[in-house]
Amino acid sequence: MTTVLLNISGSIFQTTFETLEKIPSTKLSFLKQDFSVKSSPASFYFDRNPDVFNYILDLYRTGELHFPSNICGATIRNELEFWEIDKCYLSECCLKAFYKHESDMSILKEIKNLEKYKVLDVPIEECRKGCWRNCIWKTVQYPASSRRASLFNIFYLLVVVLSTSLLFLNTLPDLRRPKSDHFNETSAVEKEHIYTKTTAAPPVFYVDLFCGIFFTLEYITRIVVTPIKWRKFFCTSLNIVDGVAILSFWVLCSLIIHQPDFIDDKAFSYVIMILYSARLLQLCRFYRFLNRFKSFDVINLAVRASICQFGILIAVFILSNLFFGYLIYYVEFEDKNSFNNAFIGVWWAVVTMTTVGYGDVVPTCYLGRVVGMVCALTGILILAMPVAIVTSNFTIYYNKLKEYTNHKHKKERKNETRFNLKKAKENGSVSPVSVLTVETIVSHTHHQNGSKS
Amino acid sequence: MTTVLLNISGSIFQTTFETLEKIPSTKLSFLKQDFSVKSSPASFYFDRNPDVFNYILDLYRTGELHFPSNICGATIRNELEFWEIDKCYLSECCLKAFYKHESDMSILKEIKNLEKYKVLDVPIEECRKGCWRNCIWKTVQYPASSRRASLFNIFYLLVVVLSTSLLFLNTLPDLRRPKSDHFNETSAVEKEHIYTKTTAAPPVFYVDLFCGIFFTLEYITRIVVTPIKWRKFFCTSLNIVDGVAILSFWVLCSLIIHQPDFIDDKAFSYVIMILYSARLLQLCRFYRFLNRFKSFDVINLAVRASICQFGILIAVFILSNLFFGYLIYYVEFEDKNSFNNAFIGVWWAVVTMTTVGYGDVVPTCYLGRVVGMVCALTGILILAMPVAIVTSNFTIYYNKLKEYTNHKHKKERKNETRFNLKKAKENGSVSPVSVLTVETIVSHTHHQNGSKS
Amino acid sequence: MTTVLLNISGSIFQTTFETLEKIPSTKLSFLKQDFSVKSSPASFYFDRNPDVFNYILDLYRTGELHFPSNICGATIRNELEFWEIDKCYLSECCLKAFYKHESDMSILKEIKNLEKYKVLDVPIEECRKGCWRNCIWKTVQYPASSRRASLFNIFYLLVVVLSTSLLFLNTLPDLRRPKSDHFNETSAVEKEHIYTKTTAAPPVFYVDLFCGIFFTLEYITRIVVTPIKWRKFFCTSLNIVDGVAILSFWVLCSLIIHQPDFIDDKAFSYVIMILYSARLLQLCRFYRFLNRFKSFDVINLAVRASICQFGILIAVFILSNLFFGYLIYYVEFEDKNSFNNAFIGVWWAVVTMTTVGYGDVVPTCYLGRVVGMVCALTGILILAMPVAIVTSNFTIYYNKLKEYTNHKHKKERKNETRFNLKKAKENGSVSPVSVLTVETIVSHTHHQNGSKS
Amino acid sequence: MTTVLLNISGSIFQTTFETLEKIPSTKLSFLKQDFSVKSSPASFYFDRNPDVFNYILDLYRTGELHFPSNICGATIRNELEFWEIDKCYLSECCLKAFYKHESDMSILKEIKNLEKYKVLDVPIEECRKGCWRNCIWKTVQYPASSRRASLFNIFYLLVVVLSTSLLFLNTLPDLRRPKSDHFNETSAVEKEHIYTKTTAAPPVFYVDLFCGIFFTLEYITRIVVTPIKWRKFFCTSLNIVDGVAILSFWVLCSLIIHQPDFIDDKAFSYVIMILYSARLLQLCRFYRFLNRFKSFDVINLAVRASICQFGILIAVFILSNLFFGYLIYYVEFEDKNSFNNAFIGVWWAVVTMTTVGYGDVVPTCYLGRVVGMVCALTGILILAMPVAIVTSNFTIYYNKLKEYTNHKHKKERKNETRFNLKKAKENGSVSPVSVLTVETIVSHTHHQNGSKS
C-alpha cells in the first residue's frame, strides 16, 4: 500500500493508491500511472476546493458519493467535472441539492425571459428613427416615458373604467327607453325582449359612443405609428382582442340604429347578445396596467408552471364529478322533484365538491346524504392539491423574483461601493508583519531545503 | 495526560488519551491499548472524512454528539459505524438529518417500486415468443410501442368518451321513447317509471350497442392474446372492474329487450338501476390514460402515504358530526319543520363542517346559531389538517420524483459526457510544475528523514 | 503586534493579541495576561472544535458573531460557554439556528411528557400487588395486555357503537310508540310532544337498557378494582364524563317509566331533552380507542400549542362578525323580510365569513352585496391564519414524533448492531502501515527535536 | 507560474499568481504588484475566515462565485468587502442566502419599530413631571403599571362589552317601546319605522346613557391629563374614532329625546341609522386590549407586508368577477326570474368564487352551469394565493418575533450566566501541558530556525 499525499490547494490529504483505484477511470485512479518513479510517498498538487474534495475522497473510501446539502449544485458539478467522476455515482439521497440548482436556474431563466420580452416589446432603437410617429408611439405605449405619456395613460384608464361601467349599466332595465315603434306598449319589458323593444337611454348611448370612438382612434393611431411590422402587430393576442372588441362595438351600433328586416326578433336578440358579450373582451385593456406590477408576472408564471399538474387534477376532478353525479341520480331515484337526469347530478356534484353549495338540488334520502358527505370530502381533498401546487409555485417564483431584482439593483450601483485598493493598502490591512510571519512558518522550510540541495 | 495525534486522512487532530477514554467501548477508546510503546506523542492514521470526524471528536470532548444539519444521514451513519459509536449517543436535537435520510430513501423506494411495477406490467421478454398474439397484445396494451398502437388507443379513448356520454344522455327523458305496450299513455313519464315505461331512443341504443360490442371484443381479445397467466390476469382490479361493466351491459341489454314476467315493475326498475350504476364502473377505463402521467402517480402515492392520518381525522370528523348533529336536534327542539330527527342534525353538521351550506336545514333559534358557528369553525380546523397532510405529502413525492427522473435521464446519457482522461492530461490540468511544488513542501521532509535514518 | 498561534485540537490558527483583545472579558482576551514570558510567537492549545472556532474568531476579527445555519444550536451553546462569550454578541440574523434548537427541545419534551403520562396512567408495579383485582383492571384498561383484554375491548367498542346508534335511532318518530294514556290519539305526533306522548319501541328500549347496565357494571368494576386512589380516579375528566353519562341514563330511565305528577308536559319535555343531551357525553368513550393512535396525540398537541393564537384570531373573527353584522342591519334597513335585528346580521356574517352560505338571510340591495363581498373576503383571510397555524404546528409535532419513535426503536435494538471491536481490528481497519505513515509525517519531527534537545 | 502561499489565519492555501490575476482589480489580483522581490514562493498572511476563503478562491479557480447556503449573508458580505470582490460576481443560484439575510434584517427592523412605537406611545419621562395628572394618565393608559390601573382597565373592558351588547339589543323590536304620540297604534311596528315610532325601553336607555357618560368622562380625562401635545393626541386614529363614537352618541341622544320638526320621518330614520352605524366605531375600543398580545402585532405586520400583492389579487379577483358576472347574464338570458341585470351576475360571481354559495341566484341552463363550474374553480385558485401570501408572511413574522423576544429576555439575564474567568482558569481548562504540546509542534520549528539564522 503506497501512501499518496494530495495537496489540494494547500490542504494535505493522505491516502493510498489502493483506495484511489477503487473507482476506475477517474482522474485520481489514473494518478498511479503518472507516478512511475518509485520514490515514496507520491505527492500531487491540484488547485481545487479542499472542502468539497473531502467528500469526493469519501467516494474512494466508502464507495458512496454524498455531499452536504449546503454546497451549491454548481460547485458540486464543477468538482465532479474536474475529477472526472460521473454524475451517476451520486447517492440517491443527495440528489436534492444537485438538482435544486438546476430547477432554480430554469426558474431564473423564465424570469429573465419575461423581462427580456418586456424589453423587446419596447423597441427603443427603432423608436429613435422617426420623429412625430415615435413621439406618439411612446406616449401611447409607455406611461413611464414622459409626463404627457403618464397623463394620457391615466386618461385611457379612466375611459376604460367608464366604458366598462356603461357596459354593465346598459343591462339595467331602468336605464333603457322603449323603441319608437313600441312606444304605446306597457313600460315593463321582459328580460328577453330588452334588445328588441328597448334601446339605451340617450346619455348612456352618447357616452358609450364617445368611448367607442376614443378606442377606435387610439387603435388606428397605434396601427399607424407602430414601429413594429404590421404582421407582428396583429399577431399579438392583446391587439387581436382589442380589435374584436372595437369591431363588435361598431357592428352593434349600426344594428341598434337600424334593425335589419331580414332578421326576426329572436335571432336579432341573439346576435345582439353575442356582440355585447364580445364587447366584454375590452376587459383585457386592464391587462396593460396590471402588467406593470411584478406580482402579476409572478401569478402568470406560477399558473403557467402548474399547468400540467392542473390538467391531471382537473381530469380527476371531472371524473369524480361524473362518478358522484351519476351515482346520486340513481341513489335519489325515488325523488321526483330533483335530480331529473344525470347531468343535474353532475351539477350537484360540482356545487358540492367546490363547497359552493347553492342548495338548488339537495339529496333528500339518507343514502344520498352519505354520498353527499363523501362527495364533499373528496372535493375538498382533490381541490386542496392544485391550490397547494399553485401556492408553492407562487412562493418559489415570488422569492426568486425578489432576489433577482434586488441583485440587479445592486449591480447597477456597484461602481459606488467598489473599494479603492490603494487606499486600503495604506490603511495597512496587508501588514508587513503578517507577511513576515507566514514566511517564518512555511517558506523558511524551503529556504532551508534550498540551502541543502 | 498523554497527547495523541490523530492523522485523519492528512488532517491532524491533537487530543489526549484521557479525552478518548470518556466514551468507552468505541474504536477511539481502545486506541490506548494498542499503544503499548511508551514513545510520546502517540500517533494514529485513519483514512476517514476529517470534516465529520471533528463532530465525532466533540462527543469525546463534551459528551454530546451533534452533527451539522447539512451532512447527509448516510455519511453520518458510515462514520458512526466506522468509529463504532452507537446511534443512541446521537443528541435528540440532531435526529432530523439522520432520520430524514431514512424517510427520503423509503420514499424513493416507493417511487422505484411504482416504476418497477409498471415495467413488470409489460413483460417484454414473454412478448417476443409468439408472433401475431404479441403483436395484438402490444397494440392493445402499449400505446407507445408503435404508430398502430397509438392510433388504436386514441380510438379506444374516443369510444370510452362516447360510451360515457351515452350513459349520461340515456337519463334524459327527452331522449327516451315510450315502450310499445305503453304507446297510448301520455308522453310525460315520471322519473321512477322511466325504465319500465320508456326505452332508449333507437340511435342512442344502437350506438350504445356498438360501444358494448367493441369493449367486449377488446376484452376477449386481451384475454386470448395475454402473455400473462389467466389467474393473474383476472386478479388485476382493473380487469375485474372492466369485466363487471361488460357483464352488466349485456344483462341490461337482454332485460331491456325482453322484460321477464316473473318480476314486477318496481323490482324491475331497481334491477335496471343497479345494472346501470354498475356500468358506471367503465369510468375506470380512463385510468389507463391518466396512469401514463407522472403527476397522477404522485397523487396516488401522496394519498396512500396519508391514509392512516386520514383515518384518524375522518374518525374525529365523524365524532364531531355526531356530537353537533345530536346537539342541534335538541337545541332546535321547538322548531317543528326542520331537524325532525338526529340524523338530519348529522346531515346539517356535515353540510356545515365542510362549509358546503346548502341551506335545506338551517338553525333558527339563537342558541342553534351559536352551535352552528362553533360547528363551522370546528369543521374548518378539522378539515384543514388532512388537507395539509396530503398537500405536504404531495409536495414531497412530487419533488423526489422530479429529482429521480432527472437523475435517471442523466445516467442514460453518461457515456456522452464522460471525460477522456488522456485528452485532459494533454491539456495540462495535472501540471508538472504543480507536482514539483507539492514535493518541495511535504515529501522533501521525508527525503530528509529518509537520508537520516 | 505579537503573533499568537492557537492550536485548536490540532488545527493552527494564527492571529495577534491586538485582535484577541477587541472583545474584552472573554477567555481569549485574557490570554495575553497568561503569556508573561516574552518568547514570540505565543502558542496555546485548546481541545475544542476547530470548525466552530473559526466563526468565534470571526467575532474578534470583524466584531460580529455569525454562525453557519447548519451547526446545531447545542454545539454553538457549548462553544460560547467554553470561550466565555456572552449570547448577546450573537448577531440578530443568526438567532434562528440558536433558538430553533431550544424550541425543538421543548417540543420533544412535550412529546415525552405525553408518553410519560400514558405510562403513568398504567401503574404496572401497583398492578402486581393484588391478584384478581389487577387481573380485571388490566383486562378492562389495557387492550394490549392479553388476548382476553383485547377481546373485552372489542366487545366494549361494539357496545359503544350500538349504544350511540340507539341514541340516534331513538329520535326517529317511526321507532316510537304512543304512550298507553294517549293510545286513542292520532298516530302523527308533533316533534315537541315526542317525549310526553310517545315512548321508545320495546326492542330499542331493552337493547338500550342492556347497554346502560353494561356500562354501569363496567364503571362500578373499574371503581372497585382500580389501583389508583379514588380521589385521583374521580378527578380524571374521562371518568367524570363517563359517570355523568351513566347517571343521566338512569335518571332518564326512571323518568320515562314513571312520569311524575308534579311536573307539567312542557317542563318534563325539557328535562328529558337535557338528560338525553347529557347522554351524548358517552361519545367520549371513543376517546379511549382514538388515544391509542399517535396521529391523535399529534392533533392534540398541535391544537394545544396553537391555543393562544387561536384566542386572538377568534377575537378578531368575532369583532369582524359584530362589525359586519351590525353594518348589514343598517345597510339592509329597507328590507322588511330579512335582517330583522342586528343578531340576524351577525348570524349572516358568521355564515358568510366561514363561506358556509346557507342562504337563509341574504343581502338584497346593491350596497348590502358589496358589504357581503368584503365580508366573505375578510372571513377567508382571517380563517386562513388559524388554519395555517394549526397546520404548521401539526407538521412540526408530527415530524418530531416520527423521528423520536424511530430513534427509540433503534435504541432498543442497539445491542444487536454494536460492533465487536476485536473482530474489526483483526480485519485490519487500524492498519500498522497507516500508523507508520502518520509517524513519518508528524511525530518524526518530534524525534528529531528530541534528539536535538 | 509562480507559486503563492496564502496564510489565511493559520490555514495555508497554495495557488499561483496566474490564477489570482484572473479576476482583475481585487485585493488578491494586486498581490503580484506588492511582491516585487523575486524570492519564491511568495507568501502572504491575512487574518480572515479560512472556511469562507475557500469559496472566494473558487472564484479565481473556476470563475464562478458560489457560497454554501448555510453561511450567513452578513459573513459573506464582510468577506466580499475585505477581498474587494464586487457583489456582481456572485452566482445567480447563490443569491438566496445573500438576500435572505437582508430580508430577515428588514423584518427584524419592522418588529423593533413596532416595539419602539409602543414605547414612544408611553412617554415615561414626561410622565414623571406632573403628579396627579401622570398618576391618572398611567391608570387610564397602562394597565400593567399598577393594581389600580389593571382594575380600572378591567372595568373599562366590561363597560365596552356592556355598551356593545346594548347596541345590538337596541335593534330587537321586543325591547323597544312605542313613542308617546304613537301610543294608540298597533304594537307591531315595521322595521323601517322602528326609529320614528318606537324608542328604546327605559332600562336599556338608562344603562346606555351611563355607558355614554362613562366614555365621555374617560375621553375628557384623557385629553386633560395627556402628557402628549394635543395636536399629536388628536392625530392618533384611535382617538379620532373614539371621539366620533362619543359625538354620535350625544347627537343621537338629543335627537331621540326631541325629534325636530324640520325633518320628516323618512329622513329622520336615515339620520338615526347613520348615527347608530357611527356608534359601531366603538368596537375599536377592543383594539386597546388586543394590542397587548404579540400574535395581534404579528397579524398586523403580516397583513401590512402583503398589502401590495393583495392589491393585485383583489384586482384580478374583481376583473374575474366582472367577466363571469357579465358572461352569466348573457348565458342565462332566457331565464326571466334571475340574473335580471349584469350586476346580479357579478353578485352571483362573487358568491360563487368565494364558495359562499347562498343560492339566491343560481344558473339554470346547462351552459350557465358550465360557466358556474369554471367560475368556482377560478375563484378557489385566485383566493388560494392571497391566503398563501398572508399565511407565509404570518409564519415568517411569528417565528422572527419569537426568536427576537427569546433573545431579548436572554440578554437581560446575561449577567447571571456570565462565567468568571479566574475561577475557570483555576479549574485548569487552559492546561499547561496543552500549551507545551503546541510549542513542540509549531513554535519549535521557529526556535530551530531562530537558532540557525
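Some notes on this structure:
Should a chain be cited, it is by its letter among A, B, C and D, assigned in written order, with residues numbered from 1 in that chain.
Just so it is clear, contacts are C-beta pairs under 8 Å (C-beta built on N, C-alpha and C of every residue); 3 or more make two chains touch, one makes a residue touch a chain.
It should be emphasised that the depicted structure is a prediction, and the values quoted were computed from it without experimental measurement.
Judged by shared residue numbers over all numbers used at their interface, chain B and chain C contact each other through mostly different positions, with under half in common.
Chain pairs B-D and A-D differ in how many C-beta pairs they share in contact, with the greater number at A-D.
Inter-chain spacing, taken between the CA centroids of chain B and chain D, is 38 Å. Taking each chain's centre as the average of its CA atoms, chain A and chain D sit 27 Å apart. Shared contact sites, meaning residues of chain B that touch two or more other chains, fall at 7, 11, 14, 41, 45, 47, 51, 68-71, 343, 355-359, 387, 437, 441-442, 445-446.
Residues 5-7, 11-16, 19, 25-27, 30, 34, 39-41, 43-47, 51, 54-55, 57-58, 61-62, 64, 66-71, 81-82, 84, 86-88, 90-96, 98-99, 102-103, 308-309, 312-313, 315-316, 319, 322-323, 326-327, 329-330, 333-336, 340-343, 346, 352, 355-359, 362, 366, 369, 372-373, 376-377, 380-381, 384-385, 387-389, 392, 442, 445-446, 449, 452 of chain A are the ones touching chain B in the complex. Considering their complex, residues 1, 3, 14, 41, 68, 70, 355-359, 431, 433, 437, 441 of chain A touch chain C. Of all residues in chain B, those touching chain A in their complex are 7, 9-11, 45, 47-51, 68-75, 78, 101, 104-105, 108, 164, 167-168, 171-173, 190-192, 269, 273-274, 276-277, 280, 283, 286, 290, 293, 295-296, 299, 302-303, 314, 317, 343, 347, 350-351, 354-360, 383, 386-387, 390-391, 394-395, 398-399, 402-404, 406-407, 410-411, 414, 417-419, 421, 424-425, 429-430, 434-435, 437-448.
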